[in-house]
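Dropping the structures in below, format is structure tokens.
The same subunit A turns up in both complexes below, where it pairs with subunit B and then with subunit C.
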Partner chain A sequence: MASGVDPYREIYSRRTEQMSGSEIRALFSVLERPEIVSLAGGNTYTDAVAGRVAECVQAVLARASGVALQYGPGTGLLGLRERLCDLMALEGIDADPHHVVVTDGAQQGLELIAKVFVDPGDVILTEAPTYVGALSAFSSYQVNARSVPIDEEGLIPEELARTIIDLHGEGRRAKFLYMVPTFQNPSGVTLTPSRRAEILEVCRRSDLLIIEDNPYAQVRFSGDPVTPLRALAPDQVVYLGTLSKVFSPGIRIGWVLAPQPIRERLVLAKEAANLCTAPFNQMVAEEYLSSGSTEEDLQIVRKVYRERCQAMLDAIDRHLPREVVVRPPEGGLFVWVTVTDPLNTRDMLARALRGGVAYVPGTAFYPVKTDGKQSMRLNFSYPSIEQIEEGVERLGRVLDEELELGRSLGI
Partner chain B sequence: MPRIAVIRGGRSLEREFSSRSGAHVASALQQLGHDVVELDVDERLSPALVSADASFIALHGRDGEDGTIQSILEALRRPYTGSDAFACQVCFDKVLTKGMLRRDGITTPPSFDLSAEAVRQMGAGPAVREAADHLGYPLIVKPVAQGSALGLALVREPDELSPAVMAAFNYGDRVMLESYVAGTELAVSLVGSPLRPLPPVEVRASSGIFDFDSRVSPGAVDFVVPASLPDAVLAAARDVAERAAALLGMRDLGRVDMIVSDGEPVVLEVNPCPGVTESSLLPLAVAEAGMSFEDFVRTVVDAALARSPVTA
Partner chain C sequence: MASGVDPYREIYSRRTEQMSGSEIRALFSVLERPEIVSLAGGNTYTDAVAGRVAECVQAVLARASGVALQYGPGTGLLGLRERLCDLMALEGIDADPHHVVVTDGAQQGLELIAKVFVDPGDVILTEAPTYVGALSAFSSYQVNARSVPIDEEGLIPEELARTIIDLHGEGRRAKFLYMVPTFQNPSGVTLTPSRRAEILEVCRRSDLLIIEDNPYAQVRFSGDPVTPLRALAPDQVVYLGTLSKVFSPGIRIGWVLAPQPIRERLVLAKEAANLCTAPFNQMVAEEYLSSGSTEEDLQIVRKVYRERCQAMLDAIDRHLPREVVVRPPEGGLFVWVTVTDPLNTRDMLARALRGGVAYVPGTAFYPVKTDGKQSMRLNFSYPSIEQIEEGVERLGRVLDEELELGRSLGI
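On to the complex of A and B.
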């Protein structure tokens, strides 16, 4: 008997069994089409920095091409790590460059954390919903991801405590709690200061390590800054940062700030993964962060995001049915929209794509794929204001059609 | 060597598969020495088609399988691979296809279909449940005009019916309810002029149903060839596929999907422009038949070129 399609399937590792394909990803092939308005991505506004990249590249090549074009240390270059510590200091984090590992985006940081902490079947805790890329990184290490619900103030401490107790009752203990406390992806929710103290206390009592993923702190466009968990409890938190929202996603620079014993293992894991993050990219990033223009550029980015977010909220108000629930974010890249029965955003995606608009269904952000069917994530950082208006208007038509059909079917 | 346009990508939700089919075909054509141009569907398509000696249609779903591109090429009087516009329109519509099959005595599961307009504006919502009750559970709900099993759902009990129907309407304005037939799923590919059936490929989906999810999830489906059925049954499957293809006017290439239940082939649907990616069913059958993929592409393109010039 010859088995078709994949002659190698007998020799794959068990961990690849959790790397499921995605119907959503396959459908998103049509996003290449010009007629589709995509509110689905997570791309950033890079026009503000684009003009400075050539200067940074030339400066690096003139200053130190010998370093930039060679292998580098697995930790990342010291000069960049120092600038990253300067960036974290703006948030109140007192970081030592020797506790930092530079990674290929924060995404690689998530991968390394899973590699260092997780054995097959280990339990980890996440917010529900949570960042889809984290679920992908963790699932490839065969984790048992348990989710803890959030509300408009972020992760619910009582639910976290209850989950920990439940696990204890099963004779199990979570390896860590993964969270995006500020402008959470996908919900846009920020964990309130009082909740931060409560979550830290629950985790301290249970000796539960927190992985704080903080990619959006620098793109706050309204409201007051909130102190990161790492600044409040350095020994309880492993912190992930990224230059994707500060400089550019294309440069692929992220980092992990961790207590020294953890950092040592992360460096070993990093070296095993890809030796080092491209020194050339690291030096270009260092050059940019040293140029003195970062804050000026970020102000432009924040202004653009504020305007686009407002345009999206206005368009939602004009075009979407009254029943939808929207949480206006104070920063980040996304608006989280929740619809009502009988709508199912995953099933509805096909109608939306046929109608010329794309979003990410809520199911993508939950470990259990039947959760999140009534939510969707809309991106405002990348599309223009005109595209946002057009995209939301199209989405409104899709929702209207869906609701009418549901009524007619008696659902 | 003739210049061949490969039309791939397109506007349908099957764009991903089409892009991969097109790349596979283009590579084979280049190995055969053809001058190849790859084209997507946009306003530049029709003018570009004129400069090619023939077009290989590697589009799936809307535009590529519903007769749209074929009609353009017929109007331009340019030769192209695969079934003509009329046959495509029939094959893309599962209601027309099943109706023709039934009239010719080819077994296909009992079914009903309803349009969104009937449900929304003619009070046909309750008719959905009536139809389902008549067919019995479990049953299949799927769009009338869609490929790659997009929008297809197995409905095991009445509570699952309305959500499945609503989901299927997201893929098109008409939805079919069809009796579920348990058995061994076979895909019979056909190639040549006239079309000849290749060895049937058995489809084993771990979820029990060969839906879109299983098509995009690595390891979720196993294709087995030769199929694990008696030779007489496989011969009957090939015979039914050949009859169905001839009846529907398919040419050059195609695939007939069926379930073998109690030894009898029951046709589910036909594909006038089936996937030809590196992991698709048709290339697997081609290989089992002892042909290379390049042999298959040459056969199909030669058949198209032999139809030049195209006449009305």
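On to the complex of A and C.
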């Protein structure tokens, strides 16, 4: 066997050709280097809940270690599903615990949805840009992802309608439309109420199922709440939620709320995937949601995010060149920065790392990797205000040099 | 829309046609009914570790709550992977932590392996009978599972060789051979050392990758240790382990040890599936394995299983009819009971439940559901000695009636 040749190459599935690491996951090791200020990840502020986790664990082990330490049902534990329905009720969603399946974060929900709906080559629709983890999950089932552009009001209904007509012309039909309608990752944009009605109407007419991914539901820190799509059209929407943003990512609790026949298939897929989400973690999450302190913790988290987001916007104003466009988000974890001059943020990343700052290049968030070159996603939920100031200042120096170089080369 | 018709039926993937719930998972709700003695599940004895879990959680939250509560790398945390290599070293396996990926129990390892290797219609080989969860994971990737019979020494090398030749004659090649060589689930059989050498030789000649699932590695309670296949032929084997049987199923920690190019693909599949196994749980597991009490706890678990297994064999001797054949296992969680007279244990299950006892019918463990009709899998790890005695006595009454009925009808 020649050195360097993979001896197993003949037996991999064809899907492995479409599987690639997300650019965010590739940056993971960088986050641990002390000399770099990382604005790249999606880590959350967990100081507010660290103490609560310890209390919840104690309570669970004292109350029901027998259940917590054993296998559990593939659906998830009923007690947790009931509390998750309470949480969704705060958003105006009327949900039955028997239509919920507990997952390992919302990421597993995306994977199970792909597994239940996608055959190789099937078309699905996504926003452009969109969540990179969704692209990874869907790609691993060999989808043909078509993207529909967003603007400052969210997904553009006319573009969606046009894409559906184009597909129809090809004799094809999309399996579903994947959306993050509120504080979209990466753009921070929230789909406006009137657009919500329009998108639902377009999808209703075309019998197109919507996957509504709503990880930031509880982390609005300014502006008025907007009703989720699921609350407006239960039969048209599969809804994904997570406790990663409000409790802890490291506990890995998410869920899918789906019409009953879809939920049945998701449960079968879930059991094949990993039998059940850790009952221990489910009970800790249930304990937390039952403790009555959730709203209090959320107020702390929202205050921290409001301050950090503002610190980032102020730092951008001070340190980034005027060729930068930013839309202040009303919630979520990210600021999406676009440079109006020609620039390749993906190429620039290596220089930024040498300059002591990390971000996620915009290209990571598009199915077609030539799009998004002039954009960057910056995270404000994890770094401190001092780190945000320092990181954005470093980014400003890198951007200045990059734009200067571009101008001097006449690009 | 007609009532009862699934409005989403046109958009499911073709794979959903092959996805069905395992018969064990379907019995899950039954386990909670107090009037039934369940010998059906695979729950383990966790009393020995319940106190340790509380200690480990405290230690983790005190030491590194910042890491435990955040996202982690898709590979799993290095500290845990190092401890898992120590655990494998006890079996004679020389493993590099960089060839390990941490999974949500071994079940997720099976799913990721299917994802990385299987295109629809691909042939894989399994033992007959085999672990039902593996069949679920593989079926969800539309495999064509061919089974190779086992006898009291484990998989029969001549049958394996013949199956490979048959496939070759059809112009096909199996993607891998899936095995549980030690305390096989469900049969309890351990592949003998001489058979191990023969199976490895057959596979080497045919360039057939082996998936060695070894969940019961640490729960041998009699007889001499047998070297795992992975220790004998590192390049030919992908090895799966789990902490479910020795620490806690509810913590959901398993792992895959694979040659480097395969491991790389498994990590990509893992990240698409659920980003990472809960770092909180990984750190609790690492803490447990580092605590120095593992061997002591294992001694307790082994002692409990030895006693319960013996209690079950004694009860079978006393209460089951003479038409029953049992092979005493040297480890694991199950006794496999086969009735020599014609009988359908799947049909009999409803009557057994009415008679107050649950088991898993043998048919669950065969790709072809007409096989295994005369067998049952009985679990001794979870029920107490009193419950084992009561459950087997009840089963005896049901079996007596069933065989009597069969004889009176001249079947």
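What we mean here is this: the second predicted complex is superposed on the first by the 397 of 411 C-alpha atoms of A that agree within 3 Å, B and C clash if a C-alpha of one lies under 4 Å from a C-alpha of the other, contacts with A are read in each partner's own complex, and residues count from 1 in each chain.
Quick note on the criterion: contacts are C-beta pairs under 8 Å (C-beta built on N, C-alpha and C of every residue); 3 or more make two chains touch, one makes a residue touch a chain.
Keep in mind it's a predicted model, so treat the numbers as computed, not measured.
Participant: Which partner does A:Met348 contact after superposing on A: first (subunit B), second (subunit C), both, neither?
Facilitator: first
Participant: For the three-chain arrangement built by superposition, which of subunit B and subunit C touches the greater number of subunit A residues?
Facilitator: Ranking subunit B and subunit C by residues of subunit A touched puts C first.
Participant: State whether A:Leu409 touches subunit B only (first), subunit C only (second), both chains, or neither.
Facilitator: Only subunit B; A:Leu409 stays clear of subunit C.
Participant: Examine A:Val116 and indicate which partner it touches, taking first as subunit B and second as subunit C; both and neither are also allowed.
Facilitator: second
Participant: Touching A:Met19, do we find subunit B (first), subunit C (second), both, or neither?
Facilitator: Touch partners of A:Met19: subunit B and subunit C.
Participant: Tell me the contact category for A:Asp6 with respect to subunit B and subunit C: first, second, both or neither.
Facilitator: Both partners, subunit B and subunit C.
Participant: Under the stated touch criterion, which partner chain does A:Val30 make contact with: subunit B (first), subunit C (second), both, or neither?
Facilitator: A:Val30: touches subunit B, not subunit C.
Participant: From the superposed pair, tell me which subunit A residues show up as contacts to subunit B and also as contacts to subunit C.
Facilitator: 6, 9, 12, 16, 19-22, 25, 29
Participant: In their shared complex, at which residues does subunit C touch subunit A?
Facilitator: Subunit C reaches subunit A through residues 6-9, 11-16, 19-22, 25, 28-29, 41-44, 46, 49-50, 53-54, 57-58, 61, 65-74, 103-105, 107-108, 111, 115-120, 122, 133, 136-137, 139-141, 175-176, 209, 235, 244, 248-252, 259, 261-262, 265, 267-269, 271-281.
Participant: Provide the residue numbers of subunit A that touch subunit B in the complex, in ascending order.
Facilitator: Subunit A reaches subunit B through residues 1-6, 9, 12, 16-17, 19-23, 25-27, 29-30, 32-35, 342, 344, 347-351, 353-354, 402, 404-406, 408-411.
Participant: Spell out the part of subunit B that touches subunit A in their complex, as residue ranges.
Facilitator: Subunit B residues touching subunit A: 9, 11-13, 15-17, 19, 42, 116, 119-120, 123-126, 128, 150-151, 162-163, 165-167, 169-171, 201, 212-213, 216-226, 228, 279, 281, 284, 288.
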